[in-house]
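Here come two complexes built around subunit A, the first alongside subunit B, the second alongside subunit C.
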Partner chain A sequence: MLFDALTLQLGYNATLVAIGAALLGLSAGATGTYLFLRKRALLSDAISHATLPGIGLAFIAMTALGLDGRALAGLLLGSAVSAGLGLLAVHWIATRTRLPEDAAIGAVLSVFFGLGIVILTVIQTLDTGRQAGLEGFLLGATAGMLRSDALLIAGGGALTLALVLLLRRPMTAAAFDPGFAAAAGQNLKATDLALMALALAVTLIGLKVVGLILIVALLIIPPAAARFWTDRSGAMAALAAVLGGLSGYVGAALSASAPALPTGPLVVLTAAALFTASLLAAPRRGLLAAGLRHLRTRRAVHLRQGLLALAQGQPIYERYTLRLLNRAGLARPDGVATEEGRAEAAKALLDEARWALARSDPDFEPSAALYDGLRPIETVLTPDELAEIDARLAPRGVPA
Partner chain B sequence: MPKPSGLTLAAADGQTFAEDLSASPLALRGLTVSYGAKPAVFSVDVTVEPHSMTAIIGPNGAGKSTLLKAALGIVPRLSGTVTVHGRPLDEARSEIAYVPQRASVDWDFPTRVIDVVLMGMSRELGLLRPVRAHHRERAADCLARVGMEAFAGRQIGQLSGGQQQRVFLARALAQRASLYLLDEPFAGVDAATERAIISVLKSLRAEGKTVVCVHHDLSTVGDYFTHAVLLNIRKVAEGPLAEAFTEEHLQATYGGRLATAHIGELALRAV
Partner chain C sequence: MGAEFVILSLVPMLIGTLAAVACTLPGNFLLLRRQALLGDAISHVVLPGIVAAFLVTGTVTSVPMLLGAAAAALVAVALIEAVRRLGRIEPGAAMGVVFTSMFAAGVLLLDLSDTSSVHLDVEHALYGNLESLIWIEAEGWSSLTDPAALAGLPPELARIAAATLLTVVFTALLWRPLAIATFDEGFARSQGIPTGLLGLALVTVAAIAAVAAFDAVGSIIVIAMFICPPAAARLMTDRLPIQVAWSLGFAVASALLGYLLAGYGPLWLGAEDAVSAAGMIATVSGAILALACLVGPRRRRLTA
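Our next item is the complex of A and B:
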């Protein structure tokens, strides 16, 4: 059944939901990247929790008007208004008082969420008989979603994604160097407002699928995972979008094959699996790569120190150094250099002397900037430059 | 060039000045900035001479960087006006290139050296215009001018402090402006970078551009600059070094913070 869901064989509605969730994930990953780079990711948590009172009040208002209280468009409108108020409250506290923004976010988030829960509880005591389903906005519920809802979600996701694409340059500039961007005439307030509006749009689109408690995860986890793979903001946004889209798609498919499970947690767990894989396996920034790099550097440093000690006739104190030299056949177990070891040691000493000269002479500065204590100098200088250095070293009696 | 001393009260609409400021690349009138109750910069008038290299100097906390940021509209002005070649700031943004302090950005940001330089072309690229080969070539030329062409593809986090400063200068060059405003460009950089930066700035001046630097090293003022603005919350003096960078003005700006003998020596060296 899961396979059927993943290959879109579960019927028209489940297919629409999966596509909608994928578009939601794409837009969330892309938007989240710019929140992440602007260091405003947590603000989206305040936005999402602040939607709850709006959902409840919109339901009450629509029911009182004799409409269907569960109409998604109406509920989203209500949640947009209350989330907007929540954002304003955070902004007002952070700019008008001396409280830091994280304190404002914490206060607004919990107060709005508490108010929302009170309103939902009141609705349950009302005799409307049709309130069931609002709880689905907390953790996401795609089972029994209307076709029009799925289309609304897919359309909203696609539109948000297009807007992120349109605004990526000013958003990148504001995140990297806001002072420079402002000096060049960019309106930072407008840029930040647009970024918040995009985060709000993602939250609204994601309410039905992921739920307001977990939507922040879909905005933060894909960019955080993407950061491990790339050093370019554009590539990061694209990759985060793909990871988010994949999470949405797989999560919705899992949910379709197991309707008892809420959709939001499944989407988030899928994203978390992708994040964990990135954290471990990414080629340069990943933990495994970092661990291997550390071991390699440690080995190279010890080998070099050992050779220099041999060259200068100093004793080798560290067991690890001695073991390395032993294994490489450069020294005997008692720390005395082998013939090969003496040759290597002389080479290391010459390299040090050449580097010392290169680094003291401004003519070699561009190359000397590459000095890291380990890199052999012949990988940096041309043979001519090396010959010049050796010619200057020779009179000082350094073995050439 | 004597200036009227005392306060200049600026009207918000900037219309009340009979003075013609169109000759000056950057003119500040009555500029005041306050972060709280205490002004960081108080009613400062500065008229930057065209084709000059002007140093803004003063002790720590004198408001040097704040003055520059307020002139650029990065921090809000409490009062005062800014004109660029006689025009309001917002109409003249394309005339200005800005080099902020190196420490003001997160250098772990996912971007490469060449992309930072391309950010200097944001006004011409707009939202959607694609980055073309000629943009990249120009960015590479700007990097070459600061001796960083070999680093174009590097992630910015791998650069040394001096290299970061040169990349910032290359980004400002990419803005193709007539007025260059730099905030402590020599702070914490190596000697080679300092030489590279000053030679670029001098070549800009030779091309007819105007350069203004917030500067903290009094011993190099005489070698690097033609004009100086002495600031300590209020402006103490401005003008060519021979007029402004004098023992008397330095004493008034720094108070007891510099030894008197030292001040005399600095001022003499500049003249």
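Our next item is the complex of A and C:
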């Protein structure tokens, strides 16, 4: 069943939803990357919650005009206006008053959402009888997705993606060094405005699929997951788009594979699973890699200290050290050095003596800064410098 | 202001007011500590906690649900810290990752489990049912002294009263260390105040307040009350005690005015049905904040 869903064999609606969700994820991941890098990820939460009053008012306005109150285009227009007002309110509070931006975000999202709920309860009392379905925008409602809805999502997604591609350079500059970007003549306000407009566009596209409460997840989680794999912003945006698209596609397929599985939450949970996998398994920044690095360093430190102890004829009490030396064939289980171990120990002691001299001499300061207790000095100094150090070491009777 | 008021409106207004106070008190400190959105995160993750408690116990009794919700809030706070530190991700994004994932899990669990027999759904979680908390046993103002009628008070009232009392006691007892740690964490540590523990305690109290308030009024008021009254109060004064006093006044005013507007406003306008009280309370608190932003005496930053 799941395989059928993943290969788009589950019928017309499921296919529409899967493609729509994948496109939504693609554009959300790419856009979210720049929000993430600008450290304004949660602003999207204010945007998405602020759409609710607009949805309600647009419904009332359209029914009052005798149109179909559930026409998606009209509802999206209304939500765009109210979300835009919400964004303005956040911006105004954060710049004109002493309140920080996070407080402005929280205030706008809760107040707009509360107002939206009030309007929804007003609609419930209206005599139009077609109001059912507006609640679907809270958590998404893909069951009744129409071809026109899917086309709207596809078109919007493609447009956002193209705009992100077009604006990636100014947005990157604004995220990493706003001061430089402004000095280079870039209009920071316009860049930020464009970024907000893109986030708003993604929110609108996602209303139907994942709903306004969870759309923020698609803007935040894929970029956060992509951040683990790369240090380059372009690669991060591309990867976030792929992860977002994958989340949308797999989540929608999962929800189609059994009855009564909601699309929005499954899309978000797929993204969360990808995030968790990235957190654990990414090279360098991932937890596993960090743990392995830690173990490797610990091992190297134990070996080194063990060798130094052997060289100076001190007994080794630490079991782990002894086990490491024994396994490397450098010492017998009772802690006596083997032939090979004596040679390695002498080498370690010489290295330590060379480092001590290098670190006490200001001439070697740049190289000496690299000392970490593990790195062999030959990898840092040139043969000439080594010879000079050895010449100075010899008179003190350290075995060369 | 007769018997009908006592039966239909007195208890919801009391609960709304107590919930507003319980959330506003810790909200003041969260706002000053730049953790304002923690209330947002906590109120989202309450849903999975409640659903999980329902799945474990199979009933909608309150104590396990409160415990489940409180546990979910603490798990969320721990996860946010873990993602922030282990993943080296900025706090806002870490928060966004955790609370949306947990909320999605809650919705999925809710859809998968058979909750048709009990009153448990996402809409209820979002905007509560303040209007339904009526006092059926009451017959008028005299019922306030009638033990039999008092025993019929909705249990939500006692719970939110206890939670409010807890936040008041917490704030009063730890006022000095909280204030010092909020404004100058380094100094607080040098004075031997365990700032990490204090921060955790603040978050815990906020979570308890959020969960108890959520039980009665839904999460939307919780978020609004964590942020709007303290933010409005912040624009009125530079002194913490006065800010807290203002915020409590704003919170009570939002709760009472919001409830009245929701219940009676549509009637004045000629409509027949009331609108959502929770939504209206949040809206009124937003209107108060907007007013404070426009005319509050301390609305500007010191460095203009």
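A few points about this structure:
What we mean here is this: the second predicted complex is superposed on the first by the 323 of 400 C-alpha atoms of A that agree within 3 Å, B and C clash if a C-alpha of one lies under 4 Å from a C-alpha of the other, contacts with A are read in each partner's own complex, and residues count from 1 in each chain.
By our rule, a contact is a pair of C-beta atoms (placed from the backbone, for glycine too) under 8 Å apart; a residue touches a chain by one contact, two chains touch by 3 or more.
All of these numbers come straight from a predicted model, not from anything done at the bench.
Here subunit B and subunit C are compared by how many residues of subunit A each touches, and C touches more.
When both complexes are overlaid on chain A, the residue A:Leu261 reaches subunit C alone and has no touch with subunit B. Once the two complexes are laid over each other on the shared chain, residue contacts for A:Leu139 go to subunit C alone; subunit B is not touched.
Using the contact criterion defined above for the overlaid structures, shared-chain residue A:Phe113 touches subunit C, although it does not reach subunit B. In the superposed model, A:Arg319 lies in contact with neither subunit B nor subunit C. By the touch criterion defined above, A:Leu214 reaches subunit C but does not reach subunit B. When both complexes are overlaid on chain A, the residue A:Asp177 reaches subunit B alone and has no touch with subunit C. Within the superposed three-chain model, A:Arg227 lies in touch with subunit B and with subunit C [touch as defined at top]. Residue overlap on subunit A between its contacts with subunit B in one complex and with subunit C in the other: 227.
Residues 36, 39-42, 44-45, 92-93, 96-100, 102-103, 105-107, 109-118, 120-122, 124-125, 135, 138-139, 213-214, 216-217, 219-221, 223-224, 227-228, 260-262, 264-266, 268-269, 271-272, 275, 279, 285, 287 of subunit A are the ones that touch subunit C when the two sit in their complex.
By the touch criterion stated above, subunit B contacts subunit A in their complex at residues 69, 72-74, 90, 93-94, 96, 98, 100, 104-106, 109-112, 115-116, 119, 122-123, 125-128, 147, 150, 155, 157, 160, 171, 175, 181, 192. Residue ranges of subunit A in contact with subunit B, taken from their complex: 37, 166-167, 169-170, 172-173, 175-177, 179-186, 227, 230-233, 235-236, 362, 365-366, 369.
Put simply, subunit C touches subunit A in their complex at residues 31, 34-37, 39-40, 44, 83, 86-90, 92-97, 100-101, 103-105, 107-108, 111-112, 122-123, 126-127, 220-221, 223-224, 226-228, 231, 234-235, 262, 266, 271-276, 278-283, 285-286, 289, 293, 296, 298-302.
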